[in-house]
Amino acid sequence: MKATINKKGHFSAAHRLYNNHWDYQKNIEIFGKCAYLNYHGHNYEYITSITGEIDIETGFVFSLQKLKNILHEEIEELFDHKNINLDIKEFYSINPTMENIVIFMWNKINQRISSYLDLKITLYETKNNFVEYDGKS
Amino acid sequence: MKATINKKGHFSAAHRLYNNHWDYQKNIEIFGKCAYLNYHGHNYEYITSITGEIDIETGFVFSLQKLKNILHEEIEELFDHKNINLDIKEFYSINPTMENIVIFMWNKINQRISSYLDLKITLYETKNNFVEYDGKS
Amino acid sequence: MKATINKKGHFSAAHRLYNNHWDYQKNIEIFGKCAYLNYHGHNYEYITSITGEIDIETGFVFSLQKLKNILHEEIEELFDHKNINLDIKEFYSINPTMENIVIFMWNKINQRISSYLDLKITLYETKNNFVEYDGKS
Amino acid sequence: MKATINKKGHFSAAHRLYNNHWDYQKNIEIFGKCAYLNYHGHNYEYITSITGEIDIETGFVFSLQKLKNILHEEIEELFDHKNINLDIKEFYSINPTMENIVIFMWNKINQRISSYLDLKITLYETKNNFVEYDGKS
Amino acid sequence: MKATINKKGHFSAAHRLYNNHWDYQKNIEIFGKCAYLNYHGHNYEYITSITGEIDIETGFVFSLQKLKNILHEEIEELFDHKNINLDIKEFYSINPTMENIVIFMWNKINQRISSYLDLKITLYETKNNFVEYDGKS
Amino acid sequence: MKATINKKGHFSAAHRLYNNHWDYQKNIEIFGKCAYLNYHGHNYEYITSITGEIDIETGFVFSLQKLKNILHEEIEELFDHKNINLDIKEFYSINPTMENIVIFMWNKINQRISSYLDLKITLYETKNNFVEYDGKS
């Protein structure tokens, strides 16, 4: 039988939205206050959802302790108390919208788990705005 | 690549549940306290979920600023601080259960977005009771 | 030793803000959308806080089971799924602002507990707007 | 038209994670603090999600009042203020992980609703760890 | 200038309410389901509030990093994934009501901070039931 | 009769903790990850609490609509989507700890309300860390 286990995590980071091919005026028009020069920031929260068979011996789809370690190594060390535009090289040229961040996180975590498992990541930028990505299309 | 962006909104409204073809006694039996004559109300919360391709230039599935404007025009102006039974003509004859309200909201929002996008609405009547509708069946 | 025990409760009700001595125009000017004629509503939440000595035999300041019964009788039966302006006679002439509601609730509950105990009520009209009253001034 | 209605519930229970075929050392290695001998506990929260056609007369997929009664009889009477390992005979030999508990709950609730309805249960062990099961694989 | 800094923490534990001088029947009458023999449990959350002068060099009333370490040593190591009645000797004879637990926690933390600082602890047994203690009476 | 009305607000901002009189090594030692060079950020939430007499004509301690406008002008325009260290001149030389930010906010809001009213501000840097200031000592 298959079930989906979910674990919430969080990190605090700075970012700004910006398309380097546009001038400042165009960026403000499209991204509003999110394009301000000196960065702003968020308490990001994210949910890692893993779907797979329940192991008979442990009763687990995936050990939450192992998952905690993976998330610490792949996500929190990279993102927590960082500036996403300046500190993570993949975002030097990619705009750190929540859509682009969630795909980056999905790729980081997906390479650490078995291909028999389905992965979905949900990323909250604020309590009211969030994004989901499951690598399926 | 496709992702799903989500935005929470809210409105405060009064309503009562009532089937005009039944007498008061039958309405109380089926709807309990929700059928009381003088209306009660809720702080409704709703999540608008839009699934689609991520635009390369913006990094957005859909601009949250544009979505905010659509939700203001289509939902909040109609529902906020209103009596759903008395102030919204579609509910003169339709019982404003959360199921019927969410379908009405889905139709209002869906006509404002591209047909390439998938829409789901989640409507919370209270913290404990909520409904989802995605227009698929 | 004294401690403060707290219990959350909730009710859903309709209301409108209105001063009967003013015309509609003046009411809209002062109360905005809250003065609309057909009522709106909220999921009210409230916290009952009781401060007193801890009883040695039970380890309780006040039995939460007894408090639950008092709140059911004094608050929920009166307010839940009601229209505050129309269904509660004290609000025929008093404007049901959260300030006036919380004082009414405080008086209802305070008459049911010992005078050796201090009472405070916190009432949430929405997640963002709330009021506190402790009967002290 | 189909929609999904959801209702949250909760119970407080004690449990420990343990595989009877392993010694204590192995259990601690796999389950960490969750294997401690004297049990620990949680405020479990769960969401019951039912998908089906909306009834034209009531505007309901499923009466939330009826669902409340089913959940009281099938879940809360069994789990609330209990020790899952000691008080529920099915867990004498099954490890009460959140995965195994959610499947047990799904079976209890599914036998009480029509086969035309789809059921999903989401079970929160803490705010950060939760599991979903829909009986589909 | 004085301010109050607050830090939330949490632990999961089992307990039961019981007065050893009473028989089982009397305990059930007073404590209801909380007196059941095999224990139940909670995800306890607590807020540590420290009031004092703001240090000019750091801008801190108290370092949250130091506070985190104190809470880990004094509270989480003792309570997390434990049975309060069986694993903490002070509760062999004291009934682990939230009132008695919060006073015990306050004493543990208060001995680790300067006497120039005021301490208050708020302990949540569930989302709806919580207790506050400030050592002042 | 006096009551306390409370309104929640929020802003997203970047900051870093830093004492300009110390070298980087000392700053990291005292402030940990909060001292990283490129800034991080938070979804700050704050509660404005105003205590005063209830006006008989309106039933208000203070109009929440007026308060909303004050908070927009004094707080959100200054802080939202800004870098506190770089964009707010008072923090060029003051370390933007939550203690120092809350006092700055209190002064901004207090100058806009009557001296007959008592003001308290609660500022959340994250869900787990928050500070309170009431101007009283």
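As written, the chain order gives the labels A, B, C, D, E and F, with residue 1 at the start of each chain.
Operating definition for what follows: a residue touches a chain if its C-beta (ideal position, glycine included) is under 8 Å from a C-beta of that chain, and two chains touch if they have at least 3 such contacts.
Since this is a predicted model, take the numbers as computed values, not measurements.
The minimum number of touch steps linking subunit C to subunit D comes to 2. Over half of the residue-numbered contact pairs at E-F are shared with one candidate from C-F, B-C or D-E, namely C-F.
Farthest from subunit F, judged by the mean position of CA atoms in each chain, is D. Averaging C-alpha coordinates per chain places the centre of subunit B 28 Å away from that of subunit D. Centroids of subunit A and subunit C (each the mean of its C-alpha atoms) stand 42 Å apart. Subunit F has its Cα centroid 34 Å from the Cα centroid of subunit B.
Within subunit A, residues 127 each touch two or more of the remaining chains. Taken as a graph of touching chains, this assembly fits none of the simple shapes: it is neither a line, a ring, a star nor a complete graph.
The residues of subunit B lying in touch with subunit C in their complex are 10, 12-15, 33-34, 36, 38-43, 80-83, 86-87, 126-127. Interface of subunit A with subunit D (complex): residues 1-9, 49, 54, 57-61, 63-65.
Residues 17, 19, 21, 30-32, 94-100, 102-103, 127-133, 136-137 of subunit E are the ones touching subunit C in the complex.
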